[in-house]
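Note that the chains take the letters A, B and C in the order they are written out, and that residue 1 is the start of every chain.
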């Protein structure tokens, strides 16, 4: 029995960090033996993202500055959420802009990505273990005669 | 014949309101008898969201304030869309930040959510009936001998 | 053998432009003969979006102004990414707000959309060819007797 559900673990040294996970996800799809289907990749934590964009360090600096302008980390006490003892309200907001998940087509056993598309784990409140779920979903290749189809 | 497509109806008393629908979605998955697959949950209206985040009232207040800073409801006439007689242009914008849909893995008959992940209906122009679609999608558990697989 | 994966090509005359692709996507679903399932529609380029919202020209003007306030195109040199010779850093940011993809339910052979839901290709760095992937994914309509189900 093949496994189609996998969990990746991340524990980033930085509070905010982006990690390219494209190869990891492709490896899991390859192991699963899925040729045609969809692959869901989602953060399982609500202060982290999975998103697709460019693997260019300058752009990543731009993302970090921009997100901190839109949802500043400080002052901590500007957020109601942080009255619970947390200091990560901004991380919950940033993750909504960057998104929780991506759904990627699998075609001929490969992630069907455009030329510059790379999958990233986006951490906004790191320094502790967090999981990403990868679930591949397949289409059975049946050539059903048309007169048998609903 | 089991039904895999369901529609939830919401009519919020507030213009902007977040409702935890996690249990409702799990109930539908349970009723459908799906053990392995994906579950799509999406707003069917373009001034509402389905999103996953924390069920913490302070954070929800932060979301509302933050979204109103990024896309203020007033002045109404600052938006071209509102010249059509609407007053909800801001709701169309807010929903893009919070997202239209989530795709959640179903594993062993349960929504495969992280420890704090909760599914919310996010209303940005309420006080009238709106629908959310829940579609569960399953994988057939066939143990196909490897020599028969494509 | 039916094809379930399609690629749409766009080459917009404007740098920023929104194109309603709902009918194109419905045509592909119809051609595929899928009655029940999910349809993934995603931009294959990281300065473009696929999103669902209203087909109202005033709202589209609001979106363009709003996105340019949140992530201005100019001054070009305010972005690290643009030091690579690009001028499209803002397009990478705007696309995160508008999203990469939508997953739409297919019910009775039709995109199961709400009354005002329309699917758009959102271009933020146009004037060159870019692709959108449309992958339809089906559920086999088997009436499995309950005593045979896991």
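In this text, contacts are C-beta pairs under 8 Å (C-beta built on N, C-alpha and C of every residue); 3 or more make two chains touch, one makes a residue touch a chain.
Being a predicted model, the structure only gives us computed values, none of them experimental.
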Angle of the C-alpha superposing rotation, subunit A to subunit C, to the nearest 5 degrees: 120
Interface numbering overlap (same over half, different under half) for subunit B and subunit C: different
Centroid distance [mean C-alpha coordinates] between subunit C and subunit B, Å: 18
Junction residues of subunit A, two or more chains touched: 38, 70, 97, 99, 103, 137, 140
Subunit A residues within the subunit C interface of the complex: 36-38, 51-54, 56-59, 61-63, 66, 70, 97-99, 102-105, 107, 112-117, 137, 139-140, 142-143, 149-150
Of subunit C, residues touching subunit A in the complex: 1, 4-5, 33, 35, 38, 40, 42-46, 70-71, 79-84, 89, 92-93, 95-97, 99-101, 103, 131, 133, 135, 137-138, 140-141
